[in-house]
Structures are given as structure tokens and as C-alpha cells.
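The same subunit A turns up in both complexes below, where it pairs with subunit B and then with subunit C.
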Partner chain A sequence: MYDLNVPWPRNNYEKLTDEQVVGLRNVIVTLYSLKVYKVAINFEIDESIRLPVNSPQEINPIKVPEIIDVAKFPGLSVYTRLTVVVNDSSKLVSFNKFQNYFDLVAIKPVSEKALQLSIINLNIDLISVALSSRLNFYLKHKIVGQAIKKGVKFEICYDSLISSSSSMSRKHLISNLIQLIRATRSNGVVIAGGCTDAINVRSLNNIVNFFETLGLKRNKINQFIENSRYVLMNGRLRINSYKQVIALDDDDELLDNSKDDPMGNSVVNGYKKQKRKGDADEQTVKRTKI
Partner chain B sequence: MLEKNELERHLLSRCFSDREKIDELLETRYTFTGAQKPSLVLLPTKTEESKAKSLLHSEPTYIDEQLKKRKTNTRLEARTYLKTVKKNQDSLVRKIQEYNRLKLKTPKKPFPLSKLIVKFQIPTYEEFLPMNRLWNDYAQSLAFPEIKSPEDKLPNKQMILARLATAEYSGCLLTVLDSRNPNLLGLKGIVVYDTQYTFIICVERDEDEDATPAKQVGGFRFVPKKFTLFTFDLELPNQTEQDDKYLSFTLIGSRIDTRAVDRSTKKFKSHNVENIL
Partner chain C sequence: MVRLKQRYILFEILQPPQAPKECHEDRDLFTTFAESPSTGLLTLHRSSPSSINPKAITNSIKQHVQEYYGDFGAGFLMTLNVKYFNNKTSTGIIRCGNQNFQYVLGAMTLINKIESKPVIIRCTHVSGTIKKCEQFASQKNRELIRCIEVDQKRARGKLHTI
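This part shows the complex of A and B:
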């Protein structure tokens, strides 16, 4: 299982308090206990915030080892994700510069124009439409289909449905959801969490149940969850491959990020493997798929 | 060298069987004192009397030696070679299957496999090992040309990958990492030829008697690139004995479905990842 949206508690480059770190850790651990093994921490910023381009190690504030010790949870891998709220996509000139520092890059368009332009111009993995408030534009199938053809998926977060207290936002969410599913023709949608609190995390069965009440078919819902894999693969291949032709390392899912340089430099040191002595056949161990 | 008056000679040779007659005719054509005939005398060639042929009769096709020679080229030769190898492999596999099906009262003699492999001229993995060694040197010098001593820093990740993306892969030792076809998983061999949609690899023979006949025979395998991931290892250059390290790479088959020649100049682009696997 995947969850591509575990929100980073801050929307700017300030440091987290201890309380926030614990809260974030709790969400990830709860997800892990629900068998969600691939988790992406989502750092959401406004386009007006300037990124520290001059000091590369500070571009990505999410330092995974400081939050959770991945080695203690077998099978868990934590990815980092950047979401930029886009109002005027012409401001995003430096967008390509920081793509290599995050596993996933997403946008949150505010207007129709921003959506259209960022689909055409930017190299992104995911589009997150603000579903819990009233959308001030109409999602056109033509534009949305363009994104899906490129392999860019649309994200649905179930958090605001559970946590929101006002009935208004719930109403907006459901109507927007139906709009999105109509515009995408039930293709290229990703279901993610977006839970800031561990109590709102839901298991797969619950998610499936809820979307069934909205009138979606069960196989479509499973496809939505499976789509997360393609989003992750797309993001990882952008960093770890040359134009999706040849990638470093021999991971058959193309999703492994444990060997990357934590500073975000594209060096290959982590990928070096020691050859065992007197055991030339070590490499010839047959790989079998589980 | 062209013979003198070759064209005329060729035309006349259709009408006159003996050479002297032709010489004489040409002689008279090009002298000042002779007849100086402006035209060539072409006699009708003798045709067989047309008999009533049966409906099923077909003329033997006349193959010009020249034409045959012109049509042979390296590509076609390679093609026929690969076809014959495949045919031989299949027939040897069938032989083993037939032998396994035999039920004799006396204990069976062991199948003379090694003898038959020579007889059927099935290519062996060992024959291609020198090619693999050559490729390793080539790939090292291509990927890390800057490194002269072990202390030198390795080039940037994207740089290595960009260089290897346009590399030539015949000679590389590839392993199938993942594929939509589960039978291909774990297949390992040296690339013999890199076609547009397949890698032709030579696999090692399995000496084990319980292995499937195809594995016992070895030889060439035609692995489609589409929906397949390949992996290969590349040793780092100038390593000391103790510090012998290598890098692994994954080739994404669905993205390299071009011929090696075209790949060197191709501009790659990222696409929708759903058709990778």
C-alpha cells in the first residue's frame, strides 16, 4: 500500500518543534501498522516563498533520519514530496532546479490557467486540487486528459472528509470529488491520506468502502490505489535515471531511495557494491519474484 | 576491366554461339575499308517448339549468379545464421525430449549431449566470453574516462547514465530483472546482437541432468525488450585488490526499443511510465 501525502507540519522553512516531530512520526507508524509501507512526506509551500537555491542541502527540509529510523521498520520506505501552490505559473522559472531534491514534485493549481500551463510546461508527477473548498474553476476533460496522457495523476485526499467539522467543507469535497472523477473519466486518480493526525488514518478496507458509497466500482478504486506506484516510479526515475532509459542500481520496482545522497547531490557513492572475494558466482544468484 | 566493345559483344553473343563469328562481325563494323555497317545483325534465337504443357508445369526459375551475389549482405547472412541456430537448437531439444520419453527395459545409455552440441554447431557461452571482456573495457572507458587513479572522484550520476544510454550493448552480460513474461525472469547471458525489438543473448548451458532440455542445450535466446527490465554490473576502473567495487545499472527495455545505430543520435524523452512494466 502507498500513501503519497503525509503533510509536513510547516509551510515554510522553519524548524519543527518536538511535538510536531512526534505527531508526524505517529502518523507514519500508524500507517505502517495498517500495512502502508511506501509513505511520502508532503512539504507544501506557496509559490511566493523563495527557496534557498544557493545552499543545496537546505532546499529539502525533510530529513528522514531525524524523524523516523527506517531500519526499525522492515519494508518501510519514506519519500519526500514537494507541493507548490501555483497561481501564476510564470513565476515558477526555477522550478526545474529543485526537482532533483525531492522524490516527488506536485502542484496545487488555484486557477484554471495555472493548471493548464503547468501541465504543458512543468515536469511534475502529481496534481493536487484543493477539494475541500469551493473550486473557482471548472475541471475540463480536455485539460485533465492532457495531463493523464502525460502520466500525471490527480490526487484525492480522504482526510478532510473525516476530520473536517463543518458540513460545508464536506459538501464541497464530495461535489468536487464527483467533478474530478467526471473530468478524469475514472482514470489517473490517486487516493492519498493527507492526515495531520494519526487518528484520521484509515485502512484500505475503509477507504474502499467509502468510495464505493460514492458510486465508484471496486476495481476502479483498486486501480486508484495502484496508481500511486506509477507516480512514485515516475518521480524516482526522474532523479535516478537518464530520461527513463537507464537507471542506477538493480531494484526491480525502480522505487528504492535508500542509497541516495542525503544532501541531494547526484553522486554515485551510495550505489557502490563490494564484490565478495572468491565468490564470483555471487551475482549469479537467480532472482525470483515473490 | 571492360572488354573492348563489351556491349555489342554481349548482344551478339545471344545470336551467335561461336566467338570467331562475333569477332568477324565487329571487325567489319569498325573498319574504314570494310562494310561499315551501321547496324548490328541480330538473328532470332532458336526457340523450342512450344509443346502443349500440362497445367501443373512450371518453368525452373533462372537465378542469375550476379543477382544472387548482389543480394547477399552481412545483415542477411546474420539473419540466416540466427535462423539456423534456432532451428538446430529446437531440433536438439526435441531429440532430448524424445529420448526422455523412451521407455526401455535395459537401463538407458546417457544422452550424448556434448557430442551433439558440436554436431549441431550450437554456440556456447564460453565462445562469447572474450567479447564480454572487450565490452567491459569499452564500457569502463566510456563511463569513467576521467578516472586515471583510484583517488579520482567519480563523475556525476546523470553524466554516467547519459553516456551509457547511448552505448553499444553487444557483448554485455545482461540479466533479466523483471518482465511481464515470467519465464524470462533470471535469464542471463551475453548479448550477441542488439536488434530493434529484441536482445539476442547467449546463455550458459545447465549441466544439471534434471534441468529442462532447453536449459541443457543453451545457445541463443531472443528476449523482447518491451515490458522487460535488464540489469548489468560495471566494475569501477583502477581498483585495488582489496577495494573491488562495482555499480549496477538497470536498462528499461521499453525505452530502448531502437537499433543501436539510431540510439546514438536519438533524443530521449520521458513518457508515461505505465508501459515500462
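This part shows the complex of A and C:
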């Protein structure tokens, strides 16, 4: 199973406190105990925050080994994800530059125009609509369908559904959810957690139980899992393939990130590219031997 | 004669550790929780305090159904009944009517706290007979124990691959 959204506790480049690190680790382990083995840590920033383009090691603040020792947990793999809150997509000219530093790239559009433009212009994997506050635009099936046709999936986060205490924000959330389910016709939806606290983690089956009463179709549950897999594959292909089309590895090897360089020390052009070259060399060596 | 049909929901109560500032007793658990898969599982499935009892569970489900589905949903809950709950294993079985058990499931998913104790309620099985629920529960427990054993063996270095 997959959870593509475990929020990074900070929205900027400051260091985490010890407690935050332990909290994040606990969320991942709780997910692991519920048999969610592929987890993506989500670093969410505003479009106005400047990324440290000059020092490539620091673009991705998520250093997985500092958070969790993946080797202790058989089957677990942790990915990194960037979410940019988009208000004016013309500001995102440099977007393509930092795509190589994260496994997944997502946007969070605030206005309808931002949604539309970023679907057309940007190369993204996921769209996450801010569900917990009132949406100031109407999700049109045409735009949403355009995105799904392109292979971009929409994300539903259930965290605020469970954690929010005011009935007003819950009402917004449920109305937005129904809108999203209607606009996507239950296709191209990814269910992710977005849990900042281990207490809000639920298994996919249980959360679908609730969404079913909102009109999501239960028989699509396999599709949701498949969609998450698709999104992850798409993101990994960006880093590990030639022009996002050709890769030498098969599916499982693409998703296996144990060979990556998670600390990003040795690299200038995106921390995973270098590794790929090494792999390619190995392959050619093998072939010449044969 | 058609008999009265029921649904039996098997659930387990998981207790993830809380950040120390909210709950002092959990300080050690909070830091040791993520040491290995088996400590994680054992902490989540630890035995629950006596404040979590069938009555408290029924009350909090009723409250949540009322909160989320209003009077309409609460009307379906007349036959809600906790048939079995064990504090040691934190597992239980709930009986409810078979028409609108989705509301019960939905509300159980959204429960955050029982008697101000933070918990996750996880529904593992829904069945028409209580016997199947029981069988499933014992099967599930066996699996869990096997998982923990495998992990502890691995930690001791006896087993290298799974």
C-alpha cells in the first residue's frame, strides 16, 4: 500500500527539532504497522520562498537516513515529495530546475487559473486541492478531465477530516470532497494521509468506508492503490529514465530507492542522476561480458 | 420466516504514542516506538486501560454518528451493541443492523478519542455471523505473533532474508 503524503513538519528550510523528528518517525512506523510500505515525505512550500539553487545539496531538506533507518524495516521505502502552493503560475519559471531533486512533484493550486495553467504548462505528478478551507472556485469536470487524461492524479487527504474539531471546517472539507469526487467521477483519485500525528493515521480500507457514504465508489478501491503506484512510478521515471520514456529496469527496480544517494552529497545536477549513470555503466559492462 | 439480519464488525483499538507534552506517561513510548517493527506493533496493540469499556465505545460511536450523520444516521443505531471486548488484546466485536452499517463503519473510522484517551479504531472484518468474526480474529492474532517473532529473530541476526 502507498501513502504519498506524510507532511514534513516545517514549511521552510529550518532544521527540525528532535521532537519533530521523532513525531515524523512515529507516523511512518504507524503507517508501516498498518502495512503501508511505500511512504513519501511531503515538503510543502509557498511559491514565494526562494529555493537555494546555488547549493544543490540543500534544495531537498529531507535526508531520509536522519529520520528513519530503513534497513530495520523490511519492505519499507521512503520517498521525497515537493508540493508548491501555486497562486500565480507565471512565477514558476524555474520549476523544472528543482524537479530532479525530489521523487515526486506536486502543486496545490489556490485559484482556478493557477490550476488550469499548471495543468497545461508544468510537468507534475499530483495535484493536491486544499480541502480544509473554502474553495474559491468551482472544480470543472473539463479541466479536471484534462489533467487526468494527461496522467496527473488528484489527491484526497483525510487528515483534517479526523483532526479538525470545528464543525465549520468539516463542512467545508466534506463539501469540497463531494465536489472533487463529482469532478473526477471517482477516476484518477489518490487517497493519501497528510497526517501530522500518528493518531490520525487510518488504513485505506477504513477511510474508504467513510468516503463510501459520501458517494465514492467502493469498487474503485483497487484503482486508488494502482493510481498511487502510477504516480510514484511516474515520478521515479523522471529521475531514472531517458526522457521519462525509456528505462532499463523493470517496475520493481524503478521503485527501489535503496541505491540512491539520499544525503545528496556527491551530486550537482539533481541528487539521483549521478547514480543512474553508474547503473548504466554497470549494464553496459554486463553486456560486453556476455 | 425471514430472520432478523445483523452485521458483526470486528475491530481493534490501536494506541499510538503521543507527544510528551500532551500525555506524560507516554514519554518513553514516544521515543522507543520506532526502534523496530516489533516494538511498533507491540506498542500499537498494547492492552487498553479499563476506562475503555463496551459502554464507552458504544457512547462514542453514537456520539460520532450523531455528529457526522445527524439524527438521520442516529436513527439507524437502535440495535448497536458491543458483543465482546477484551482489554488485554484490545479487540472487540460490535453488532448492528445490516442495512446501514456503513454509517457505523464511517463513524468508527473518524473516532479520535475514547474517554479522552487517544486511540485509532481499526475495523478489520465485517461479517454476517459472529463465528466468522471470531475465526478471523484468531487468524489475525496468529499472523501478528508470527510477524513479531520473525522480526525479533531477524534482529538477533538469525534470519537474514524474509
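Following the convention adopted for this analysis, the second predicted complex is superposed on the first by the 254 of 290 C-alpha atoms of A that agree within 3 Å, B and C clash if a C-alpha of one lies under 4 Å from a C-alpha of the other, contacts with A are read in each partner's own complex, and residues count from 1 in each chain.
Going forward, contacts are C-beta pairs under 8 Å (C-beta built on N, C-alpha and C of every residue); 3 or more make two chains touch, one makes a residue touch a chain.
In this text the structure is predicted, and so the values were computed from the model without any measurement.
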{"item": "Contacts of A:222 with subunit B and subunit C, given as first, second, both or neither", "value": "neither"}
{"item": "Partner chain in contact with A:33 - subunit B first, subunit C second, else both or neither", "value": "second"}
{"item": "Which of subunit B and subunit C A:123 touches, first, second, both or neither", "value": "first"}
{"item": "Contacts of A:133 with subunit B and subunit C, given as first, second, both or neither", "value": "neither"}
{"item": "Contacts of A:213 with subunit B and subunit C, given as first, second, both or neither", "value": "second"}
{"item": "First, second, both or neither for A:57, with subunit B first and subunit C second", "value": "neither"}
{"item": "Which superposed partner A:74 touches (first subunit B, second subunit C, both, neither)", "value": "second"}
{"item": "Set intersection of subunit A contacts, subunit C complex versus subunit B complex", "value": "none"}
{"item": "Residues of subunit B that touch subunit A when the two form their complex", "value": "154, 156-158, 160-162, 164-165, 175, 177-178, 182, 185-186, 188, 229, 231, 233, 235-236, 244-252, 255-256, 268-274, 276"}
{"item": "Subunit C residues within the subunit A interface of the complex", "value": "14, 16-20, 30-31, 33-37, 40-41, 44, 67, 69, 102-103, 105-106, 108-110, 112, 118-120, 122-123, 154, 162"}
{"item": "Interface residues, subunit A side, partner subunit C - complex", "value": "19, 22-23, 25-26, 28-30, 32-34, 68, 72-74, 161-163, 167, 197-203, 205-207, 209-210, 212-213"}
{"item": "Residues of subunit A defined as touching subunit B within the complex", "value": "123, 149-151, 230, 233-234, 237-238, 240-252, 254, 266-269, 271-275, 277, 283-284, 286-289"}
